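In the part that follows, the structures are each spelled out as structure tokens.
Below are two complexes that have chain A in common, paired first with chain B and then with chain C.
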Partner chain A sequence: MTRKRGRGMAAVNYPTGMNLGGDPSQALIHATTTGSFVVTLSSVDLGQGLKTVMAQICAETLGVPTDNIIIDTADTDTGPHCMGTFASRGTHRIGNAIIMAAKEARAVMLEVAAEELEVDSNDLTTDGAGTIHVKGSPQKSISIFNVALAAHFKHGKSISGRGIFLQPRSYPEPETGKMTPATCYAHACTVAEVEVDTETGEVAVLSLKSAYEVGRALNPRMVEQQIIGGAWMGISHALYETTEPYYPDRAHGPVDFNQYLMPGPGDLPEFANVVIERPAADGPFGAKGVGEMTANSPIPAIANAIFDAVGVRVDSLPITPEKVLRGIRALNA
Partner chain B sequence: MTKVAVEFTLNTREQNEFVETGSTLLSALRDRLGLYGTKAGCHQGTCGACTVIIDGEPHLSCLTLAERCRGKDVTTLEGLAPAGALHPLQQAFMDGFAAQCGFCTPGMILAAKCLLDRNPDPTRDEVVDAISGNICRCTGYEPIIAAILTAAQGLRKPARKRA
Partner chain C sequence: MEYRKDYFAETQTQDLTEVGVTRQRSDALGHVTGKTQYYADRQFAGLLHLKMVRSPHHHARIKSIDVAKALKVPGVVRILTAKDVPQNIYTILCLIQVEPNDEPVLAFDKVRFKGEQIVAVLAESEAAARDAAAKVKIVYEVLPAVFDVEEALKPGAPLVNEYHGRNYFTYEGHHCRRVRHGDVERAFAKADHVVEEMYQSSPIEHAPTETTGCIVVPDQNDRYTCYSNTQALYFTLDNTALILNSPFHKLRLVGGTVGGGFGGKVDVITEPIAFLAAMLTKRPVKYEYSREEEMQVSSPRAAERIYIKDGLMKDGRITARKVTLYVDAGAYSRHSPYGTTKAAAHMPGPYTIPNVWVDCHCVYTNRTPSSAMRGFGVTIGDFALEVQMDKLARLIGMDPMEFRILNAYRDGDMKAHQKQVEGAALVECVQAAADLARWPIDDRSKTASSLKREV
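Moving on to the complex of A and B:
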């Protein structure tokens, strides 16, 4: 038995969003009587952390604490339109819509505060901790709570805002096929190290080291988590997951998690990740999408590492022990 | 369908239930008692989402007959900490971003609690072994392993120890 080691790399340029008949998302914001801000969306948080990042973007733009933000991903029947959380578009599209809505709401909030403090609203600023005060004079201040109360019960003003981000439909140029299907592109590169058992064909991923250029990491811990979760999924696609393993007959397909294989906690490689930030001009606070791409570069990097280790080029996924052994046999034939 | 009486301890309280013969503990917890902290995943013992603690050991509630719990001590996620408080494992999962969609989290935490109750100072390999019956589709396991090791460290400090 021989175990051979190999190293491979792969890079990915990944578009943020995609072009259907135009790619819009809307956000509506309103203040409650007690100074919470409800952001109404039709977008969905399915674990990727959309609610957290949208609350951060809204709080930053309004100038209020993140705890004051309620992200309501209510209902596509009643909510403002969203194309959906796909194509790594959530942070970029919905984030931009929220910035637009929050700017409008902030202007009303400052107008009300200005009337209460009897100053010009241009002289006011927010401290991000729940208070609005006169620039350079923090003691001349009013709480967001009291501004919201006054807006409702004294001034009859709705502290609210509307926002939409639209990436217009792009038609290809007939001559060249050139078009603009997405907005900013994120980039990544992964180096994989593997060990291949030439007797069994089994592949162990020893390490996955990646560099990601994501515009700006609005929530660095969640970006890190996307990268590690995605890298795991990449290993799973590269080496394990298939609905039709080994046999041509569909009836032999896996029916449960004993047969539909995925790497477990004991199959993890060493992870090392670097995040590079080059803010995108059209991104919310410079952010691009870092979602789906995290599963992309690990797969070809692992395939290249296997080629480096044993000289076998497998061009279909998953790279099962059987395919590796057949490749080794063909090389020795 | 025949019903049988089952008396058991659930999250430190005496519980008396009439359950259908052949029905699972998972069904009793979720459908009868409304304790949705125990997740129903594969219903065939392969995903670990329905893990509960019975007499100190992790068990798959989808494969455990409710009537076999007579006289046993059952702990679900709801019994880990008083309402409004967090168990150190829950705190470590939250602080360490160890949940994404959250579906595997209750099973992971209870499997980890069984480990830490019998081994307060586990190695990384022992943590990996303890959660290898629990499938996670989002996190890549890395932050879950880290959170369990962090919680273990916190629990070993007497000042921060909770009941």
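Moving on to the complex of A and C:
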């Protein structure tokens, strides 16, 4: 028995948003009497952290702390239309809708503050900590709490905003395929290191080292969580998973997690990740979608590492021990 | 995680305070302490359970359906067949003008894949619903089935889906989604090497912790609320209204907590029939996939077969790439026509290749319909492209990192689908990954940039 090591790499890009566009999302924002801001959406947080990132985008645009933002979502009776959470579109599409709504709300907030302070609203700025003050003289200030109270009970003004983002739909030219699939693309390169057992054909992934260009990492730890979670799925796609083990034959389909194999915690490799930011012209603070793509580069990187280790090319997924062993035997035949 | 701020340093912004900062996910503590409320945690008095009678055959004509014995099972409240569904034939992406409607909510004349839903049984308990479903008698005439994408496209192959009339989706009169850029055949003739390879994947399950499902509850004012784990509330609401011939305002979707999506919960399968059942019984109805249904009946990631033929020069330049790609859509369209176009748009990968020819086929076979899944249209394409790139680099004895950097797209290059490249950053990702993995690359590759093509 020999365990042979190898390494391989792969480089990919990934489009942000629904292919060909045409996928709007809306956001509505209003201030409460005490200066909290409610963002109303109908978008779905799948557990990737959409609500948290949307609160951060709203806070940054309004110039208030993220803790003051309440995300109210996923009810079609209250939330304006959202196409849905898929196609790496949430951060980009919904984020842009929130920026548009928050700019409108911020303008009203500054108008009210200007009336209260008896200054021009163009001379005002936010400190990001809950206060509005005259640029250059922080002592001439008013809290957002007091601005919201005054807006409601003194000025009769609604501090609110409406936002929508739509990348207009592109229709492919059927002869040539001329089209606009997306407006921005994220990028990645992964190096995989594997160890192949030449007796059993089993592959252990030892490390995955990746560089990702994501436009702007709005919440760095959540970007990293996507990269690691997606890499796990990539390992699983590369080496373990299928509902039809003898495709195109339909037989022997797994029906539970005893039969449907996936890597367990002990199969996780060492991870190292680097993030590069090249802001997208139309991204919220430059951000691109980094949701789906994180499964992609690990798969071919692992396949190429297996070849580097034992000289076997398996060009069909998943790369099972059976296929690796057959490849090794064919080499030695 | 490490930042490489030295790349694109001129575009960095210093004045952001709320974004660019890590904050804990708002749902993290609820998830890890088991306190998060999912749709199935909601309790409703008088809840009915829905179980489906499914096709045991890959392809068969339905001769008769007899529900008499099933109706006698104690606890059974109602049994639904295709006749109960107002607009039984639909396709999810009719919302973005994808035609034709090609899938029945409940099968009636034919079944086109093993596991297809035919009869819905509503009962006071899951056990009663399951017992009754087993007593529904359906007589089938088994038909020849086709499982291979290239077999399905041959003359004389069994016709899978009559609504298309042929075993492929038609793109504006074309039998596939095409991309044409330059002249691949001329470039192959002049190339130092021509390399043609085939890649294949098998269907993959999203495998969410929480299976797909919903509960529909009649409200007091002739409206219906659906608690669902869908990824797209309005996809579900709009499709359901069309299927049920219902005014849109009568329907309400509440969701937002999903125990794993990955694209599997973008389909609209459980909600329309649960809405219908709630409307007809005036009782809350739950339709939840079992683990077996989630694995074998819900849409998987499509299997793809991809042929790549490349023209390569000794100096490492790829001069032509011809891609023939088959998406195994299974029996119905669902999101596959969209994914197939996305696959075509993705080719030839993030590289500048002057001659590109792409045919992407969306093919119908007698298997579980495939649909959306994380990166569909791209993930399997990237597997094929990047293994192919490794083979090409090794063929001419070039370092695979340097080979990627040489061919990587730069700002201003023309893509095969006739868009100019903007915001490229592949070169920098390869450079940073090489640094990270201590993989030596030559000086020319180290100083390359996405901003300009070196002469």
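The rule is short, and it goes like this: the second predicted complex is superposed on the first by the 316 of 333 C-alpha atoms of A that agree within 3 Å, B and C clash if a C-alpha of one lies under 4 Å from a C-alpha of the other, contacts with A are read in each partner's own complex, and residues count from 1 in each chain.
Rule of thumb we're sticking to: a contact is a pair of C-beta atoms (placed from the backbone, for glycine too) under 8 Å apart; a residue touches a chain by one contact, two chains touch by 3 or more.
Please read all numbers here as calculations on a predicted model, not as lab measurements.
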* Partner chain(s) touched by A:W232 [first = chain B, second = chain C, both, neither] -> first
* Most chain A residues touched (candidates chain B, chain C) -> C
* So, A:P220: does it touch chain B (first), chain C (second), both, or neither? -> second
* When the two structures are overlaid on chain A, which partner does A:L46 contact: first (chain B), second (chain C), both, or neither? -> both
* To do: Based on the superposed arrangement, let me know which partner A:V191 touches: chain B (first), chain C (second), both, or neither?
  => second
* To do: May I ask you to decide whether A:T76 touches chain B, chain C, both, or neither, giving the answer as first, second, both or neither?
  => second
* Check the residue A:L166 against both partner chains and state whether it touches chain B (first), chain C (second), both, or neither. => neither
* Report for A:L261: first if it touches chain B alone, second if chain C alone, otherwise both or neither. => neither
* Return the residues of chain A at which the contacts from chain B and from chain C coincide. => 46-47, 49, 221-222, 224, 230, 233, 256-257, 262
* Residues of chain B touching chain A in their complex? -> 42, 44, 46-47, 97, 99-102, 127-129, 131-132, 135-145
* Sort out for me which residues of chain C touch chain A in the complex. => 1-5, 7-8, 11-13, 16-27, 31, 58, 96, 114, 147-149, 171-174, 177-181, 197-205, 207, 230-235, 237, 251-263, 266, 291-292, 295-296, 300, 303, 328, 338, 341-342, 344-346, 349-350, 358, 365, 367-368, 372, 374-375, 377-380, 382-387, 389-391, 400-401, 404, 408, 416-419, 422-426, 428-437, 439, 450
* Please give the residue numbers of chain A that touch chain B in the complex, ascending. => 46-49, 221-222, 224-225, 228-233, 256-258, 262, 264-266, 268, 271
* Asked: Which of the residues in chain A end up touching chain C in this complex?
  -> 7-15, 19-20, 22, 42, 44-47, 49, 51-52, 55-57, 59-60, 65-66, 71, 73-77, 79, 81-86, 128, 169, 172, 174-182, 184-185, 187-191, 209-213, 215-224, 227, 230, 233, 237, 241-245, 247-250, 253-257, 260, 262, 272-281, 285-286, 291-293, 295-297, 299-301, 303-304, 307, 313, 315-318
